[in-house]
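Below is one structure, written out as structure tokens; comments come after it.
Chain nomenclature is as follows: A, B and C, assigned in order of appearance, with residue numbering initiated at 1 for each chain independently.
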């Protein structure tokens, strides 16, 4: 195959893989803190792109993105306090159903606010036509922004969890709730923070890829399931693996166009999920002990 | 030939060997007790025999047929029933319905015949109910039959679980700490009941902490410690065994 | 006892015959159409009730089986087999066996296709086959993983329906002929057949709830509830939990497929929207509102909520309403049936197990 074409697919895979990774990281953060899998996670990524697209009309781009992330984080915290606080006591089914209901509400609210049209964000640097070039393939500088944001995310989270008091407090809560509260940590607050963090990260991912992928109100459900696929692929709870898995999955999806008609592209991802769940639910890189360590 | 034969059974969790090369035989129409301090591997042994867990090595044979590693429902169908240490009843169903589950292996109605309400399946359902009531009456809890199992007092729940196991007309009954949580009087009633069960021709394998129960009714006692069998014999022999005494030294379990 | 078992079905059957003339007299005969459609959606919900409420297995893929039923039937009975210049041996065999029909579609094209009754039957069999194949690995999963897997299945079906040209793409399949049940009686749209079709739908629904009521009040039904409330104990009592879960999964799929087939022939069309995950969520919401392990509750909420939705009462907030219902039901049932029913799904902190 022409190397330029190959690289097009490659970069496309990186971009989509990054947003899947961002959603997956969100899944992991919430899962580690609460054991809940928040079906609404993909909606926050959608919100990031949508909010940023609206705010960008009034604010400088960087402020729009920052504000979008903040609002999404607040939405995450709010949804936790309103709906999910009690849901944990209702067993796994209650949590599944509540988070699904939540995702629907967010999606319908987005439809109400923004309508069904596709929206986009201005490119962070340059415009739609600016491009960099490697080995004869042209790609948008936005791709570098995406990769940079992903790297920053991973680095930032690692630093947060390992070096800051709050990060350590969250890890403590995840490992042993009762013990953490005995040390003066408020587990409920940690949970709210975890939700806010997860939502914010998803939103950041959504905003950063929006110039390239466009966004609309309905992408949340697909992002949720793909993000979960990635999180499971890497071993639920392990975000470093999630990034790798996300990029891999993005590649897989991107190159699948070569063998499968474009309309079935998403089917590939889901079949990967199904295959994974059947064969090795602890994920490609996961193992029981690794899961028990539950970093972030 | 013994009813139940266990040979070289081992199972580890992580690095810990919960059951280490345990072997013994339980005779038909006898009460065999498995005792040992906490963590000795008694419950794991039970789970290995009943099929809840698969062993790393060793064999279990029931009535001459090998049942090692078989699924729990298959083992149940061969005539082995059990109770659980923490009571496992379907809390949403009534006591009677729970006991009726015990008749599952003694009945045949499947999905199709049930959905079409075929006459034979309807009359089988009636006889399931009758047999279940019989087991309930045997345990003297008839007045609780239509109450939701989750709402019953603990001791009654234990009886329901036992009735459920008996309803299956087992050849071997596995009792997992049946006396836990019972007071002295209730334990005595339980002892008499287990003796009656033996009198019905049912063999019993019981894991228990309560020494008065064990020594009072058992025909044979197996002692485990740290996953290994350290002694086996009649109750009087076990009580006199110096090694057994030493592992229980200072612990009064009566 | 016997009366209690037969009552819901009897009431439905009575309504099946009594309502059409009653509505006609009251001048609201037009409501029959939406009540007919509601009945089919309620049928699919009943199947899900057996699976989720009684067996305790969550499925977010019920709409997928509904769509398999509808699409397969629509495809088989609109696919022109007479297009080729020389019909193949198989076609000639089917033709001589009387399994094919010649008809003219609304666009004036002459077609030779599989008889709708046969295509409907094949569609249901296909759905059952898919359920049997999918269920075996999927039902080994629990909780979130099961939910995700079934959701994934539903999305695959929707994507395939939407993306396949032979299935009409985003427009779906239309001009689906009526499905003849008896000479002179067929499942089809149009005012002339409106009353008869209402009766058919509600009789089918009555049979559906009768059959499921029989199931839950029987030995296998009890086994299902036992495995929901305590899988380990159920297995210890001789219940082959894997096989039972699979059987009820297949039954739920069959109910959805039958509903899909009949609704498709009634409407004369089907589109990819029927397979959407939001539809699956609706079925779940209906079962939850109905009280989880409550067939009559599911029946009533299925009829009522679908009717309201079809009448447009929820406006454009249709999906949002069902989402909100889900949340409300969960929030308002403290340690209620839902929580109790799914306690067995809670992650167990066992050291090991099978």
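A few comments on the model shown:
Please note the rule applied: a residue touches a chain if its C-beta (ideal position, glycine included) is under 8 Å from a C-beta of that chain, and two chains touch if they have at least 3 such contacts.
Because the structure is predicted, anything quoted here is derived from the model rather than measured.
With centres computed from CA atoms alone, C is the chain lying nearest the middle of all the protein shown.
For chain A, the chain whose average C-alpha position is most distant is B. The mean-CA centres of chain B and chain C are about 42 angstrom from one another, to the nearest whole unit. Computed from the mean C-alpha positions, the centre of chain A lies at a distance of 49 Å from the centre of chain B. In terms of their C-alpha centroids, the spacing between chain A and chain C amounts to 33 Å.
Touching of two or more other chains is recorded for no residue of chain B.
Multi-chain contact residues of chain C, defined as those touching 2 or more other chains: 341, 343.
Within the complex formed with chain A, the residues of chain C that make contact are 58, 60, 137-138, 140-145, 147-149, 151-153, 155-156, 159-160, 162-164, 277-278, 281, 284-285, 288, 317, 319-320, 322-327, 329-331, 333, 335-336, 338-339, 341-343, 345-347.
Residues of chain B that touch chain C in their complex: 13, 50-54, 71-73, 76-77, 81-82, 84, 88-93, 97-98, 100-105, 107, 109-111, 114-117, 121, 124-125, 128, 150, 164, 168. Against chain B, in their complex, chain C makes its touches with residues 211-212, 214-215, 218-223, 225-226, 228-230, 232-241, 247-248, 251, 293, 337, 340-341, 343, 351-354.
Only residues 35, 37, 39, 83, 86-87, 89-94, 96-98, 100-105, 107-109, 221-222, 225, 228, 232, 261, 263-264, 266-267, 270-271, 273-274, 277-278, 281 of chain A touch chain C when the two sit together in their complex.
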